[in-house]
Amino acid sequence: MSTATVDDLTAVAEVRKFWTRDRKAGLVFTVLGVVAMGWFGALAPAETARFTLSEDASGAALEINGQLGAVLFGAIAAAAGVGLLTGAARRWLGQLMGLGIVCFVLSFLCWQVAGKFMPLVDTAAGSLELALPLILGAMAGVLCERSGVVNVAIEGQFLMGAFGAALVGTLAANAWFGLLGALVGGLIIAALLAVLSIRYLVDQVVAGIVLNLLALGLTGFLYERLMQTDAAKYNEPPQLPTWRIPGLAEIPVLGPVVFDTNPLVYLALALVVIIHFGLSRTRWGLRTRAVGEHPTAADTVGIRVLGTRWRNVLVAGLVAGAGGAYFTEVATGSFNKNMTSGAGFIALAALIFGRWTPVGAFGAALFFGFANKLATYLSATGSSVPSQFLNMLPYVATIIAVAGLVGRVRAPAADGKPYVKG
Amino acid sequence: MTATEQRETPEATLAREETFLQHFLHSLWAANTVTVTVLSIVLAVIVGGILIIVSDEDVLNTYSYFTARPSDALNASWDVVSDAYANLFKGSIVDPAAVQGWIDGSNGWQAVFSPISETLTYAAPLVFTGLAVALAFRGGLFNIGGQGQAVIGAITAAVAGILIPLPIVLAVTVAVVAGAAGGAVWGFVPGVLKARTGAHEVITTIMLNYTAGLFLTWIVLQRGVHDPDRTDAISKPVDSAARLPHLLGDGLRMNLGIVLAVAATWVVAWLLNRTTFGFELRAVGANPDAARTAGMSVTRTYTLLMVVAGALAGLGGATQVLGTAYALTPAVAGNIGFDGLLVALLGRNRPWGVLLAALLFGALRAGGNRMQSFSGISLELVTVLQALIVIFIAAPALVKAIFRLRAARAARLQTSVAKGW
Amino acid sequence: GDAPDENNNAGGGGAKPASKYTACMVTDIGGIDDKSFNASAWAGIQEAAKEQTNIDPKYVASSSEQDYEPNLNQFVNQKCNFILAVGGLMADATKKVALAHPDQQFGIVDSVIPEASNVFPMQFDTAQAAFLAGYLAAGYSKTGKVATYGGLPIPPVTIFMDGFADGVAYYNQQKGKNVQVLGWDKAKQNGSFAQSFTEQAKGKAISDTFVAQGADVIMPVAGGTGLGTAAAAQQSGGKYSVIWVDQDGCNSAAQYCSTFLSTVVKNIKDAVKEAVVKGAKGEKLDASAGFIGTLANNGVSLAPFHEFDSKVPAELKSELDQVKQDIISGKIKVTSPAQPK
Amino acid sequence: MNVLYGLLQPDEGEIIVDGVPVTIRSPRDAINAGIGMVHQHFMLVPVFTVTDNVMLGHEPARGGPLGWLDRRRARREVVEISSRYGLRVEPDAVVEDLPVGVQQRVEIVKALTREVNLLILDEPTAVLTPQETDELLNVMRTLKDSGKSIVFITHKLKEVKAIADRITVIRRGRVVGTAPPDTSEEDLAAMMVGRSVILQVEKGPSRPGEPVLQVAGLVVNDERGQRAVAGVDLEVRAGEVLGIAGVQGNGQTELVEAIMGLRPVVAGTVALSGVPITGRRTKDILRAGVGYVPEDRSVDGLVKEFTVAENLVLDIYDRPPYGNGLLLRPESIVASAKERIGQFDVRTPSAEAAVGTLSGGNQQKVIVAREMSRPLKLFVAAQPTRGVDVGSIEFIHNRVIHERDAGTAVLLVSSELDEVQSLADRIAVMYRGKILAVVPPDTPREEIGLLMAGVTAGVDGRGTSDGKVEAAPEPESA
């Protein structure tokens, strides 16, 4: 059969050793840096770029000549690149890549902001707010998937959460009851996800996607039948209050952003910390990870695999539900058909982007929020780039980041695999 | 798992069945899919009926005095529900009145075929996007990018149809091919990124969906594409030579798209089971390590399969714009990409299954329109129905549990067998 | 309740008593509750029904552009007396169905179909009213910065933004001031867009950015997305005010009335109402003339200032009246690539 | 055993512990009943540390409901137990980094920390050096003396005879009989397989031809970028079997994968009958007449969902007669599959049955059948008989020898010393990525055992057991 002879081997391809991963990275950053210096630098007007430390033009500001800044930061990025390229500093791979990215972005900003001003507080606050639902959604994802249940249903949980918040909040005329309604909303989808994927072994991705559709249909149906008929009665939920933490709120930039804001932000930040330490330092975390990595092993030491999964999925439902509350009780004052418009999927992306770790996912969400806010800023201040392309920024940036920096990610070993004894 | 499934295969359990009846029942439910599918639809319809009733004030009122005069409540409920589903049927399969009308000449034959024509019109693009998802699934990739690939396909097809003047047959061929090519490009990106850098296809395809949508809203308004004598975001109409010809006369929307869809189904089935690429694709999907050890190139397979998947979705977009819309608008691709996900799941990622699933969804959409307009039932109900059907079909054990048939446990294990690991 | 319910009780399709005049509306994919022209048109039909008791209103929502043609056809089958297509993108479907049923009366909003004499077109030169809004905003602004953004960069939206920008420019020229417009550059036809008519969060983010840049009057042309701006304005406690569009915000989004400086009214409601009532009275709708809403015929207008009435200086009000007259008289030409042709 | 440990539920019958019938629905019941088990397929979470794995399920914790882990205490417990029974483990090492032999010990420590009085060991010695095995047997004796009962499952007759007080033979889920430890190996084997088997593969002397596989200065890294193969030179000639003995995790896996082009080569060359193949695609290498039986059949060897027939052509599906570049010919695939199933005595319902439903032994036969049914220059077999029943082992061994006599060069990697000794013409002992010595198959077990443990004796690798013995550091500290 095998007519192959050794002959087709005589042409030897010798193993390429020079282009290691960090060399490639180095090359990329060198190029980016040079582009920044040349292109941004050339285009940037020689006027000052003001980065004010307030919500608007007022107050103190970091100032730099736009052109100078563009060239300067470009140069630094390039330097970082060269460092990697020569292989001189490969031990600092992570740090240098970070530096390169930051400086590239800064160079770009100097160009865009030159002759204008960028209010840092507003930028930070806006990024955080746009990231908020993503953070909560991603945390829900972490809780589920670390225990081995893929959660594609975040979108559905958001939607039900948003709906629940609007309905209950309005009926009870109380934002906190609204939040409660949101939790219940998320919980319902979570419970369905658990029943289908844990009890009935339905493929978890299938279950998730279908539940998204179910949530979309149900909320849409009830919206038409209920809320639309009498908005005042069903669809004008009170907003969550803003909590100002005295003292901390005074810290420049950070203060107003993190310590003078709505309860969901505090919740989200707290969850990131709690889940991070919970997973690594507590009995719950150890068992959750065991169940997500090697359920049989967990079972053999007497851990209730299915029980653990049930609990985590339900808790995740609550978290995502709270994320849903953001849409109707923070961002806006009313529910609207399909108002989450895909945020749940972005959260899913953030989860994977963040390598299934709380902190990583948090970072990914912030990254996305910032890119989004930046696009808004640029179009608002009259950038010449067509708005459609500016709005592509967050998505394209994510693709580049995932392909270029994150690369292969390893999901929990048993993620998505139903557990059956034996 | 293998072990337990083995142990629970029907044959194994059969041994324990005593009476002939049990034996009969057993084998009936063992041959699961068909029965379950039917029951799933029945269940979905029942739940939908309940939703109709509870969402209809007047009917609900009759329940307020249910104990006093149940007949009212029951009749009212029956009327509203039966009316709704009757219209669902008339809108998707055939309307008896129209047949009558045709016989006594009060309306033309078109009226008789228009429901079925609508169903097929809606189904055609879903077949393509469904196949795009299913094929990727079989290769072990989760292609959420059907939407974006369809959008790009629609754009390239339309632009070709608008800008390249060609004689009749040639024009439509070129436009369709352009659509496939566009989708292929949009599928190639996540494919090659996955293969080369390991970037997770779920992330990249989601992001590419948004990117494609934004690109569409941009290109629609560009000089040469935008229709100068319209004050809307709409492109020039596609050259009539590049449109997919109607099959039942211009009165009915049914067009060549559905034929292409069936052909595509056949091709995909053939590709999967009769070609070496299909073999590689299935092997990589089932066990990449073993595939690699056996000398297959996993990266090449990922890239190639995403190209093919993208091309399929692109064709979906093309049929949309060349078959019904005839012009680009920001929402020209509708939701076909995401619906394709469900169609694939419902069709269990098997080509012919996808075709059937798409037909069912098409029928629901077509019938849904009539149900809304005649019975005033919101289209959202159709969405709910679709979701319920998929849920039930994905969880046969659930259906059986509800119908109290055989111990759910055994059935449960069948699910995973049926899921065809 | 919704029209469909009433229809249920009527026992679904089939012919209606001759006296009845069924006015049937097909929404575009925005849905009946788009806080924009679908909602306005539906309001018009319902008002007509109040006025003429024999009018029986009903609507269907389209979930995709594929649905337009079947939805129109369904209504033909139901022997509706008047079928209203809402939205210019429905033109092609309407044309096809209308030509197929020459003796069926149709109407269409935001488009005109010359070939079909049985389609009554209703169009609106919104730029004129938006011009006034721009002038108002410029005059009212304390910070010298005003802003506008859209849902999608599509003509029915950008026509508002064009008029707004021109209004501001005219103000500057008259007063020798330099009020800036954020979010729209008429020359480049490029600006800020939420890329969605429902994503309120995005609307809020955009308006926050504007406010940070110093704007104190914002005009969102983005349907539901605009509610994000209104909500934010309310939370900001009067830091900035909103100019609403389509229907007077104090009716269509009453909860935010306190933030609405005014509204660029695109008076679809009255136009539709008038057409339907005419039809119900049995009068002929002259398609060739059609209806083009202008400041002159009140088809477009600037809504009352409601809670801002006291805050808007009297001379600004009178200037606005003057500008309005000049536009009507043609002294001021308002132009936009998106104007009805 | 899985039933006894609560992983599977019995269809009927009862379990009696200390005279009282107990129902064991889950492992926790088993643990409560004082039963501990060391599973054949390790039940360790690879990404956890040894301590985490050991404490999992009964974690010492502070802060009440918070359940704040007390890792320090758990660590102490691990150290304590391991020193008491002489089971050397590194508490903070991550399990996936440890050699299998050490993971084995972790499993035992894990069982012991839940003071059990019945300990089940399912094939614990499969991955141990003779010395390690002896150690284990000693541990088992101490346990026995401390009053614990032990169920010891193994395929290795020497060991049962060495340690067991009573021997029970099970075949296909049935007890075939119980025998005293002094029963002869032949009789036991006969009971296991149901017919008499020849334990010693009889093979003629090898007639080595010219070199087929030449490996020079090969350096390879593992997944985590650590050196796994640190400069290996070896040569396999046509018509000879070169056996590579060594405890698992000493670089055999990486060596083989590098040869097969499945793993990038850091340095050195691999040549196939003179032609360098370093950095070539696996496909080319297979095509060039190399047959490969991967170490882990279920991960790398088979696509469980595929039919037996499909698996039989997994690496030649695109070659005539099964297919050309484009098309597949299912008929001919099934046809030749039927033939192959006969030749290699694969026990399967049909050629269309999914391979996943076959038994370990028969799955393995499918792979061997696939790889041996084309003309070969070189046959690379890694752990060809792991987890396979005696009957299949005998069959596979004979095929290997048959292949050798047909003039194929055979590279056999196995952690079963008996297997290597009975098949190989020359034995290369591998330790920590290096070939410590190449010895003839008749070298005494003990000596090879020492080499496997990194103890090089004498000057030339020909290990005549005189000469001073310098000890090398412990494997697990690698």
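We call the chains A, B, C and D, going by the order they appear; numbering starts again at 1 in every chain.
Throughout what follows, contacts are C-beta pairs under 8 Å (C-beta built on N, C-alpha and C of every residue); 3 or more make two chains touch, one makes a residue touch a chain.
Fair warning: this is a prediction, and the values are worked out from it, not measured in the lab.
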Q: Go through B-D and A-C and name the pair with more C-beta contacts between its chains.
A: A-C
Q: Would you kindly tell me how far, in whole Å, the mean C-alpha position of chain D lies from that of chain B?
A: 47
Q: Could you please state the distance in Å, as a whole number, between where the Cα atoms of chain B are centred and where those of chain C are centred?
A: 35
**Q.** Distance between the centres, which are taken as Cα means, of chain B and chain A, whole angstrom
**A.** 30
Q. On chain A, where are the residues touching two or more other chains?
A. 224-225, 386, 388, 391, 421-422
Q) Mind pulling the chain B residues that touch 2 or more other chains? A) 3-4, 7, 214, 217-218, 378
Q: Pull out every residue in chain C that's touching 2 or more other chains.
A: 1-2, 153, 195
Q: Can you identify all of the chain pairs that touch?
A: A-B, A-C, A-D, B-C, B-D
Q.
With touch defined as at the start, can you tell me which chain C residues reach chain B in the complex?
A. 1-9, 11-13, 29, 58, 60-61, 63-67, 69-71, 73-75, 78, 88-89, 91-92, 100, 110-111, 152-156, 159, 195, 338-341
Q | Interfacial residue positions of chain B with respect to chain A in the complex | A | 1, 3-5, 7, 51, 55, 142, 144, 193, 197-200, 202-204, 206-208, 210-211, 214-215, 217-218, 341-342, 345, 378, 380-388, 390-391, 394-395, 397-398, 412-413, 415-416, 419
Q) Where on chain B does chain C make contact in their complex? A) 56-58, 79-80, 83, 87, 91, 114, 118, 121-122, 213-214, 217-218, 221, 229-234, 237, 251, 253, 320, 324-327, 329-332, 334-335, 366, 369-370, 372-379
Q) What part of chain D is in contact with chain B in the complex they form? A) 8, 260, 262, 281-283, 285-287, 292, 294, 299-306, 310, 314-315, 317-318, 323-328, 330, 356-357
Q. Inside the complex, what are the residues of chain A that reach chain B?
A. 196, 199-203, 205-207, 209-211, 213-214, 216-218, 220-225, 342, 345-346, 348-349, 352-353, 386, 388-389, 391-392, 395-396, 398-399, 402-404, 406-409, 418, 420-422
